[in-house]
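Both complexes below contain chain A, partnered by chain B and then by chain C.
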Partner chain A sequence: MLVQTLFYLFSVILVIAALAVITSRNPVYSALALVMCFVTSAAIWLLIEAEFLAVVLVLVYVGAVMVLFLFVVMMLDINLAELRQGFTRFAWLGWVTALAVIVEIAGVIWAKGGMGIDVDRAATPHAADYSNTLELGRILYTQYAYPLELAAMLLLVAIVAAIALTMRHRAGLKKQDVDAQVAVKSADRLRMVKMDAEKRP
Partner chain B sequence: MPDNLMTWSTLAPATAEISLALAICVVLLVDVFAGARRGLTPTLTLLAVAVCAALTVEFSHVAERTVILQGMYVADQLAFVLKLVGFLVVAVVLLYSRSYLEERGILRGEYYVLALSALLGIFVLISANNLLTVYLGVELLALSVYALVAFDRDSGVSAEAAMKYFVLGAIASGALLYGMSLLYGLTGTLDLGEIAVRLSGPMSLGVILGLAFIVVAVAFKLGAVPFHMWLPDVYEGAPTSVTLFIGTVPKIAYFALALRLLAQGLPGASLEWTQMLTPLAVLTLVVGNVVAIVQTNLKRMLAYSTIANVGFIILGFVAGTADGYSAALYYTLVYVLAALGSFGVILLASRKGFEADKLDDYKGLHQRDPMLALAMMLLMFSTAGVPPLVGFWAKLRIFQALWETHHLWLVIIAAAMSVVGAYYYLRVIKLMYFDDAPAGLPAPAPAPGVRLALGVNAAAALALGLLPGPLLNLCARLLH
Partner chain C sequence: MPQTFNTHWTALPEYARSTVWILLITVTLIICVAMLTLWERKVIGWMQLRRGPNRVRIFGLLPGIGQPFADVFKLLMKEVIVPAKSNKFLFHLAPMITLVPAFAAWAVIPLSPDLVLSKADAGLLYLLSLTSMGVYGVIIAGWASNSKYAFLGAMRSAAQMVAYEIAMGFALVGVLMATGSMNLGTIVRTQGGGFLSWNWFWLFPLFAVYFISGVAETNRAPFDVAEGESEIVAGFHVEYSGIAFALFFLAEYANMILIATLTAVFFFGGWQGPAEGYALLGLGNTFLGAPSFGWLLLKVFCLLFLFLWFRATFPRYRYDQIMRLGWKALIPVTLVWLGLEMVMSAYHVGPWSRAWFN
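Take a look at the complex of A and B:
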């Protein structure tokens, strides 16, 4: 009963936050509402005993991706009026898509028996000392070790490609050279001049 | 869990991938810390490729089909040979490209790292036995190649080509994933061998739908009409050294992709996918050959020639027999050899500040550089399919395979289109030998070593044509 109450509580918050993402006029509010979405989804995942995924969702999406998103949104100088121009022109397309998705979801719910999909089966709860992080790690580093390594290679290549395509060493760039600053000697900066005393005017 | 245990002896068939991944890391690190030393990275990369190839020969030869890494990786004779060819072709590509990169100021270590990672993607594809590894191989290869196409950052044309390639490539990846997800949903497994077992008997509509998406993705990657739109723009826009790369090595990978996915993964649906491939092959042959005639840019002309040649490779799959696949393999290898040489000639004929990519730049090449003209003539004759060069045998094998499977109409269309294609290959030869060189064209001056490599490359097209037996037998043996 408690779990169900929590589920509906988080679901309501999730739906409201999701609506806020697409309805708020300020993109920063949208991004913050998206953070709310992620946090509540993580809570719902906790309820279905997917603890590891919930933690990863908070760490990766809330902690890294959305912070980056917020920075980008704040840095970009977006002209909202220009973006909104002609928005209503495609509104009908949005409505049609939304309707199609709703019909599809309803179809799946109604047709659940006919497709041979066993949706009514309740998940058997695991014992308290069951760790899905351990299970995930075990399967990821044995059965899926090869694809995992390939994905790691893919990320390495992505980093190399991104740096190769964007990093520039411009000639004549005025930047601080710490090594040169530390290695400087007094003779480089100070010039001792011997001169005769002069009469005060 | 004894079957999950990974020891060196069980991993030995994957030596090529493991050593190449290590080589990538070494080249990357050495380039960061000592890359300023001129010429270190290119030499080190060639050395690394040689060492990896030697290790592959030493450790990863398997007598028969072996499946390791939880069924995700397949090692067989075909994979072994294709990987060695991959090493060889990449080494030659990097050898040809070096002075070109140097003259344009884009000789940076990342170029070599990306070339090696593309090769790694190719190897993953060659040995893929699981939809997951197929996809990861496709992406590893594609990501490296997108970056290579955009490598000349200050060139707007390259950036445009890379953007087109990236967006269209992403759509193709999406199609591939969608097809795979349908197959996975219907069979409940990602393992290609398992899918082949579970999909027998009459195909359901879902399987055919998934198959259609996979065929579209394969056709896109190969550059078959009507999914060829990216190919001429990318070939023309990319730096010529990159065009040389994407015109040669990935073809081996995409042949392997088609073979592993369609011929070995979905043999039960071979009737369906040959029906899908037949119109693709016909369109590819017609559009590739006819549109190539009106091109004035040699890189673009060779891009359409690639499309036309892809049509022949697909015809090998249309035949749908072991003979057909071995003909397609032979055609792929022969095409890679010819493309390596002909794009190599473009590279060597270019100088600092001068791209020899217009057809008119080749007028009177014979007077300026007889050796380069001779090599180009041999390669053009080979691609056109003139005996006794090796291209003739490749076309003949495809015709044979089609004839044996009673595809008379396809033989007639392919033969007619070969005749159309001969026109534009012979035009290049006419320009080189019978036209006078316009004043002001610089004479090519490639380094002696590179010149020797190109000479060997062109001579190989002739030698393999005079003695076609060994390679033909090898291809037949690998696929029976």
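Take a look at the complex of A and C:
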């Protein structure tokens, strides 16, 4: 009963936050509403005992991705009139995408029998000493060890590629050579001048 | 009397008992923060051959002990000025967002062998995700203030926090490898067996990286470029006055205590006694070998002293040097040590010689 109440509470917040993402005029508000979405979906995942996924969602999306997103959005000077220009032109594309997503979700819910997916069954509660994180780790590093390694390699290649593609070497760029700065001796900076003492007037 | 208290206590529903514990921990923490600000001013005063705060007393005792309370009441009385054209809602929200993760993290910290609020198995991940949320308060405060100084300060400190989080995370991966668990209680328990079997001995570089990153993460000296009187005034909280400023202040010091506690838990055996299992002079059987909350307190106190010592000793870093240290020095150190740990675990050296790893 408590779990159900919490579920509906979080769902309502989630839906409102999701609506706020697309309706608010200020892009910073949109980004913050998206953060709210992630946090509430993490809470919902916690309700079905998927603690690892919930924490990782907050860690990766809230803690890393959205921070960088906010960084960029806050520094942009966004002209709303310009942004809305293509709205009617691309509206049909939006509707088609939304319809496709709705059909997909409905398909999953209705086709549960045919594909053997049991969607509306409540998660069986586990004993108090059951660890979702431990179980996930056990499966990931034994049964799915190779796919995991492949995914990791793919991500690494993507990081290297992203850096390689965006790195620019401008000619005539002045940089600080920190090694040279650290290795500097007092003799390089300071010149001792010997001169005779001046007479007092 | 204790009998009746026990019966009443166990008769309470679980959520009521948790609430009492949460309130107890939070209030203690707030008082610790107050005392830490006083201790900081005292210590830095002594290091600079001054006396530090010595006027406000409580009941005529201990000169200076009332200073933090006097400061708090002063800040409470002051007006909270909201800048014109600022974003009112976010402006008021930001201090709270900064404060919440600093307190919420205490839910998974084991205070003594049998005292922990939540024995979450993903405790370490929970901590990582909460500490990464702290940056939102900074960014939102800087943006909502509608001030260039605040915005630049927020960008600086947010970039710094994001950069050092990575080194911190990597250092914790090392701890994870050495203890084989993400549950903080288990992490402390596996370090048992005297002060040489605590993680600092085999993971010393990771300890150094973690603590340095912790200092940078809390924007403390020598990494305190988030504020600079001559460039960006007080950084992201320039526009905050009165109690709103006090909340940022509280969050900064609560974060310091949190980082010190986490370092004690991850690298210094948390509540484990230093002489546990030592037969010499029977030390292992005295209080030196027994686990207790007092040991955690002592370790946290020593680590917090390091924060203050750093502030009184080191000159500030330049911003590009901070970034260089984080990305090009600390992260490679952790990566090299993780590789070494792999070798150590393959040959069962150090922490990996413990029975349950084989």
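By definition in this document, the second predicted complex is superposed on the first by the 145 of 201 C-alpha atoms of A that agree within 3 Å, B and C clash if a C-alpha of one lies under 4 Å from a C-alpha of the other, contacts with A are read in each partner's own complex, and residues count from 1 in each chain.
Just so we're on the same page, a residue touches a chain if its C-beta (ideal position, glycine included) is under 8 Å from a C-beta of that chain, and two chains touch if they have at least 3 such contacts.
Only a predicted model underlies this, so the values are computations on that prediction, with no experimental measurement involved.
With chain A as the common reference for superposition, the partners chain B and chain C occupy compatible, non-clashing space. Of the two partner chains, chain C is the only one touched by A:N132; chain B is not. In the superposed model, A:L154 makes contact with chain B only, not with chain C. In the superposition on chain A, A:L140 makes contact with neither chain B nor chain C. In the superposition on chain A, A:A98 makes contact with neither chain B nor chain C.
Judged by the touch definition given at the top, the superposed model places A:F71 against chain C, while chain B stays out of reach. By the document's definition of touching, of the two partners only chain C reaches A:V178; chain B does not. In the overlay built on the shared chain, the residue A:V58 is in contact with chain C alone; chain B does not reach it.
Between chain B and chain C, the smallest C-alpha to C-alpha distance in the superposed model amounts to 12 Å. Residues 28, 32, 35, 51-52, 55-56, 58-59, 62-64, 67-68, 70-71, 74-75, 131-134, 176, 178 of chain A are the ones touching chain C in the complex. Chain C contributes residues 90, 120-122, 125-126, 128-129, 132-133, 135-136, 139-140, 143, 151, 155, 158, 162, 165, 182, 320-321, 324 to its touches with chain A in the complex. By the touch criterion given at the top, residues 1, 4, 6, 21, 24, 28, 69-70, 72-73, 108, 110-111, 113-114, 117, 120, 124, 130, 132-133, 136-137, 139-140, 143-144, 146-147, 150-151, 153 of chain B touch chain A in their complex.
Residue ranges of chain A in contact with chain B, taken from their complex: 142-147, 149-151, 153-154, 156-158, 160-161, 163-165, 168.
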